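Shared between the two complexes below is chain A, which pairs with chain B and chain C, respectively.
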Partner chain A sequence: MPVKVGIPRALLYYYYYPLWKTFFEGLGAQVILSSPSTKGILTDGLRFAVDEICLPVKLAFGHVLDLIGKVDYIFLPRLISIRRNEYICPKFLGLPDMVRRLAGIPPLIDVNVNRYRGDNELCQVIKEVGRLFTRNNFKIWLTCRRSLKVQKHYFRLLQLGLMPAEALAVLENRVKNEPLAAPGKITVALLGHPYNIYDPFINMNIIGRLRAMGANVITAENLQEQTVVSYAARLPKKLFWTLGQRMIGAALHYLERSDVNGMIHVAAFGCGPDSMTGELIERRARAAGMPFLNLTLDEHTGEAGIITRLEAFLDMVRWKTAGTVEVI
Partner chain B sequence: MIGYLGIDVGSVSTNLVFFDDCGVIRKSIYLRTRGKPIDTVQKGLKELGANLPSGTKVRGVGTTGSGRHLTGVIVGADAVKNEITAHAVASSLLVPGVQSILEIGGQDSKIIILRNGVVSDFAMNTVCAAGTGSFLDQQAGRLGIPIEKFGELALQARSPVRIAGRCAVFAESDMIHKQQMGCSLPDILAGLCDALVRNYLNNVGKGKEILAPVVFQGGVAANAGMVRAFEKALDLKVQVPSYFDVMGAVGAALLAREAVARKGASSFKGFEVADMDYQTGSFECSGCPNLCEVVEVSENDRVIARWGDRCSKWSNAVGAKIS
Partner chain C sequence: MRVTFPHMGSLYIPLTALLQTLGVEVVVPPPSSKRTLTLGSKYGPEFACLPLKLNLGNFIEASELGADTVVMAGGCGPCRFGYYAQIEQAILKDLGYELQFIVLEPPERHISELLTKIRHIAGRSSWWQIVQAIRFGYRKALAVDEIERSALFSRPREKVPGSTDDALRRALEMIRNAATPGELPAAREYALALMDEVAVDINRPVLKVGVVGEIYTLLEPFANLYLERHLGKLGVEVDRSIYLSGWVNEHLFYGLARGIGSGKKAREASSPYLRHFVGGHGQETIGEAVLYARRGYDGIIQVFPFTCMPEIVAESILPDISKDYGTHSLTLIMDENTGEAGMVTRLEAFTDLLARKKETKEAL
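Up next is the complex of A and B:
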C-alpha cells in the first residue's frame, strides 16, 4: 500500500497544491486532501487553536484535525519565505509547532521553506522530503522538475483568468480548458489573501455571489508576477510580506485599468498585515475615485451582513457606471 | 388612487409607505417589529389598507431592511433591495443634491456618501451595535424617561458630561458614575449623545469626507439631542427630512416603481395577505458537516420559500430562491 500524505486544504494550498501533489505522487505516495471547509472543520479549529492567532490559521488547524487518522504523514512545511528578500507571515512559521501537540497527530513533514537568501537551501529541503519515499536522488530530481512544470502550467491557467478551483479542475482533467466567458457587465477586483478569497466557506462564497449578481471577478493571481512586483515597487517602502505585496501590486495595477469598475478588499479578523495593506489600498482607491469595499471575515460573520454589503456595493458600482440603479 | 408600496422591515421597526403616482406620500406607518416580522407586516398592511380610499390600486411593492427577503416572499415584492441603496434613493429624491447621509436605526448604523447624485462610498457598523437606537432606548428606560422625551431633555444641557462611547457596556458604567457624582440628567443625556456621535464618526464614518448637505435619518433622527450633537461635531447644518423614520420604505417604493416600469406588471399579492396564515420554521440540514440552518416559510400550509442552505438543494426545491 502506498504511503498516504495528507495535505490540509488551507493557507498556501491555494498556491502550491499542484506542485506538492505532483511531487508526492511522483514519488509513489498517495495524496489525501482534507475535506473542503465546513462549519465542523472551523469549529474544531477554533476549539484546538490558541486564541491569539488569526482566523485562517485557526481554520488550518481544523483541516489538520480532519486529516488525523486518515494519513501516515501530514505535509505542513514551515513557510518562512517564498521569495527572495520577502517573508511569509510568522503565524505560518509557527503552525507546524502549534499543531504538533494535537492528540493522535501523525508525523509531520515540516521542512523549512526559506528562500529569503535564495534557493540553495531549497534544493536540500526537496532532497530531504524526497528521501522519505525513495533513496534514488535522480528520481527525486526528475519528479521535482516535473512538479515545477505542472506548477508553472497552473500559474499560467490562473493568469488566463481562472480561479484556483477551476484551474485545478483543468489540471486534473475534470473539465476541458475552454476560454473563459466573462458575461457580467461590470468587473470587480477582489483582493485578499488567497486562503480567504478562494475558500467559499470562510468568505461565504464571495466569488460565486458576485458572479451570480452579474459581476466578473478578477484577482491578484490573474496577473503575472512581474506586473504585481513592478506595481508594488511604487510604494515608497517595500512591504516585507509576499502576500501583502501581491495585494498592493495588484491593487495599484487594477486602479489604472479602465475595465475595472470596483475593488473589494477582504481581510481576516486578527490578521495584522491585512489591517495595514487594507488601509494602504483603501487610501489609494479613494484617491483614484475607485468604488471600494472593505470586508472583514470572522467566525461570527452572518451571511446577511455580507450579502447586504455586496449588493449595496454592486448597486453603487452600477449606479456609477450606468447612471441608474439596477432594480431587478 | 394608484400608487406604490414600500416596506422596510428592520430589527426594531417595520415601516410601510404608500405614495401615489405623482410621488406624494399618502400614508406612512411606523410599527415596532418586536421580533415578529410577519405579524407586524400583516398588521401594517391591514392598517394601510383601511386608511387608503377604496379602489386604491397598488401598482408595485418593494421591500428592504434585514427582513426584506422574508417580506418580499410574503407580499410578492417587485423589488427586494438592500437598505443602503433604498436609503440613498429616497434621500436623493427628498433632499436634492444631498452629499452625505447619516443613518442610525435600531441595531445598525450606516453612512452613505453621494457625489453628483451617485453613491460613491458607504459603510455599515460591524459586529458592535454600540451607538445605535437600541442602546439609547435601553438607557432611556434605565433612567426612567420615555425615549420621546430624550432629545428634548438633552437640549436643556448646560455643560454635557464626557462619556466613553467606545462600548455600550462601558458607556453605561460611565453614566452611572456620573449620576452618582451628581451631574444633572440633561447634562448626562447630552453627554451620551456626544459620545454616540463620536463613536459613529470614528467607526462608521472613519475616513469618509462628510460634506453638506448632510441628511440625518433613521429612527434616532427623532432625537433632537443627537441632531445637535452631530451639528456640533461636524460643524455643519444637519437636515432631518420629514419622513426621516420611514426613508428605507420610501426608497423601496421608489425602486418598486422603477422595477414595475421595466417588467410591466406587479407581483403584489394584494392586501389579502394580511389575513392569510403564514408559518415559519427552521431545521438543521444534516446532509453535510455544514449543518445549515434552513428557514422555511409556508402560506396556508404550502411551502413558498426556503433559504439558508449553502448548497441550495432546499431552496431550489421550491423555486423561490434567495441570493
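Up next is the complex of A and C:
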C-alpha cells in the first residue's frame, strides 16, 4: 500500500499544490487533500488555535485536524522564504511548531524551505523529503524536475487569466466543454493573500459573486513575476514579505491600467502584513482616483454584509465608468 | 536640524545624551500619553500594532514642538517593525507634517548606506567623537538598567507604598542630567544610593514572576499600563527578560557587540518548542519562558501588542511549556482599548493563583 501524504488545503496550497502533488506521486506516495473548507473545519480550527491568530491560520489548523487519522504523514513545510532576501510571514515560520502538539497528529514533514540566502539549501531539502519515500537519488532528481515543469505550466495558466481552481482543473484534465461566460462590462482587480481570495468559503465566494454581478476579476497571480517585481520596486523601501510585495506590485500596476475600473483589497482580521500593505495600497489608490474597497474577513463575517458592500462598490464603479459621479 | 525619536521606556535618556554629545539639537517628544495614543490610532492603520500608533503619536507631538527630523531604527523583516518608518512617513506626509526620516537599519547593499546616514546625523563630528558619543549613551543605558533592576527588587518589599517609584523617578533624573561622560560615574553612584535608601522589608515573602514578550510593550510603561508597578504592589518580584542595554546591543549596534546579551542562550533554550526564529522576539520569548520555568519561577507573564505576529506564535506554544514544567502563564495583550482596571483584576487573580499554589507546595 502506498504511503499516504496529507496536504492541508490551506495557505500556500493555492500556489504550490501542483508541484507538491507531482513530486509526491512521482515518488510513489498517495496524496490526500483535506476536504474543502467548511464551517465544520473552521470551527475545529477555532477550538485549537489561539484567539489572536489570523483567520487563514485558524483555518489551516482545521485542515490539519481534518487530515488526522486519514494519512501517514502531513506535509507542512516551514515556509521561511520563497524568494531571495524576502520572507513569508512569522506565522508561517512557526506553523509546524504550533500544530506539533495537537493530539493524534501523524508525523509532520516539516522541512525548512528557505531561499533567503539562495537555493543551496533547497536541494538538500528536496533530497531530505525524497529520502522518506525512496533511496534512489536519481529518481528524486527526475521527479523534482518533472514537478517543477508542471508548476511552471500551472503558473502560466494563471498568467493567462485563470483562477487557481480553474487552472487545476486544466492540469487534471477535468474541464467541462461548456461555452465561456460572456465577459463583464467592468473589470475589478482583486488583491489579497492567495489563501484569502481563492478559498470560496473563507471569502463567501467573492470571485463567483463578482462575476455573477457582471464584473471581470483579475488578480495579482494573473501578472508575470517581472511585472510585479518591477512595480513593487517603486516603493521607498523593498517590502520584505513576498506575498505583500506581490500585492503591492500588482496594485501599482493595475492603478496604471485604464482597463481596470476598481480595486478590492481583501484582508484577514489581525493579519500583520495586510495592515501595512493595505494602508499603502489604499493611499495610492486614493491618490490615483481609483474606486477602492477594503474587505476585512474574520470568522464572524456575515454573508449579507459582504454582498451589500460588493453591490454598493460595483454601483460606484459603474457610475464612475459612466462618468456620472466623481470619485474622490 | 531638530532631531526627535520615538519613545521606548527610558530610551530617551541614553539617546538624548548620544545626540547632544554630537552637538545635535534634540526634541524629546512628550512622554507617551492618552493623547499620543489617540493621535496615533486616529491616523494609523487600524490593524497596525500598538508601537506603530504610539510612534506616530510621538512624532506628531514632537513635530508640534518644532522637530523636523526623525531618527529611528529599522529592520529587514519578517516583523512589521522593519516597515514602520516608511508607513509612518507616508501617513505624516499626507497629514502635512514635514518630517525628514533617517532610518538606521542593516544596509541593503553596502555598509556605506548606514555610514552615510550616521554621518548625516553627526554633522561635523569626527568618527572618534561618534564612537565616544555612542559609548556615553550606552553607559547611560547600562546605568538606567541597573536602577530599574533595583526598583524591581525593592517595589514588592517597600515599607512605604510608592517610595520606590519616587526614588526611581529621581534616580533616572540624576542619570539624565549627567551631561558629560565624566559626570556619569558620580551620578550613577548617587542614583544607586537613592535606590538603596528605599526602606524595604527583606523578609517579606514575595512571588517571583518572569515577564517575557515583545520588546516595546515590555520597556514602555505606558504601553503595558504600568504592569511592573501593579505587580510590585501585589507583592510580586518581577524579572524582566529584556533590558534597554541588551536591546541596544542587539539592534542598534547591529551585532558589533554581540555575545553580551542573553539572546543566544534564550534561543538555544527555545528548542524543541520553537525550532526556528519567527521574527521579532518570538523565539526569545519562548526561550526565556523555558529558562524562567527551569529556574523555578512561580509564574510567567507574556505581554505583547494586539496582532503582533511573532508573539502570537509564541503565545500558541506557551501553554505547552506551562504543561511540561508545571508552571503558570498569563498572556496580556495590549491595544488602544485595553483598560487598566481590567488588567489589574486579571493580575490579582493570577497572583492569587500563584500564591495559593506556592502555599500548598510549601506546606507539603
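Keep in mind that, in the parts below, the second predicted complex is superposed on the first by the 315 of 328 C-alpha atoms of A that agree within 3 Å, B and C clash if a C-alpha of one lies under 4 Å from a C-alpha of the other, contacts with A are read in each partner's own complex, and residues count from 1 in each chain.
In this section, a residue touches a chain if its C-beta (ideal position, glycine included) is under 8 Å from a C-beta of that chain, and two chains touch if they have at least 3 such contacts.
None of the values given here were measured: they were computed from a predicted structure.
Enquirer: Do chain B and chain C fit side by side on chain A after the overlay, or clash?
Expert: Pair status: fit.
Enquirer: Please compute the chain B to chain A to chain C angle from C-alpha centroids in the superposed arrangement, rounded to the nearest 10 degrees.
Expert: Rounded to the nearest ten degrees, it is 80.
Enquirer: Once chain A of both complexes is superposed, is A:122 in touch with chain B (first), chain C (second), both, or neither?
Expert: neither
Enquirer: Would you sort A:32 into first (chain B), second (chain C), both or neither based on which partner it touches?
Expert: In the superposition, A:32 touches no partner, neither chain B nor chain C.
Enquirer: Regarding the shared-chain residue A:98, is it in contact with chain B (first), chain C (second), both, or neither?
Expert: In the superposition, A:98 touches chain C alone.
Enquirer: First (chain B), second (chain C), both or neither: which does A:288 touch?
Expert: Touch partners of A:288: none, neither chain B nor chain C.
Enquirer: Per the contact definition in the header, classify A:308: touching chain B only (first), chain C only (second), both, or neither.
Expert: first
Enquirer: With the superposition applied, I'd like the minimum CA-CA separation between chain B and chain C in Å.
Expert: 6
Enquirer: Jot down the residues of chain A that show up as touching in both complexes, chain B in one and chain C in the other.
Expert: 296.
Enquirer: Under the stated contact criterion, what part of chain A meets chain B in this complex?
Expert: Per the stated touch rule, the residues are 35, 38-41, 201, 205, 209, 212, 282, 286, 289, 291-292, 296, 298, 300, 304-305, 307-309, 311-313, 315-316, 319-320, 323-325, 327-328.
Enquirer: Quick one: which bits of chain B touch chain A in the complex? Just the residue numbers, please.
Expert: 66, 78-79, 81-85, 89, 118-122, 124, 126-127, 207, 255-256, 258-259, 262-263, 288-291, 310, 323
Enquirer: Flag every residue of chain C that touches chain A in the complex, lowest number first.
Expert: Residue list for chain C touching chain A: 45-49, 74, 76-80, 82-83, 85-87, 89-91, 94, 108, 273-280, 282, 306-310, 312-317, 320, 333.
Enquirer: Flag every residue of chain A that touches chain C in the complex, lowest number first.
Expert: Those in contact with chain C are residues 49-50, 52-53, 78, 80, 85-91, 93-94, 96-98, 101, 112, 235-241, 267, 269-276, 278-280, 283, 296.
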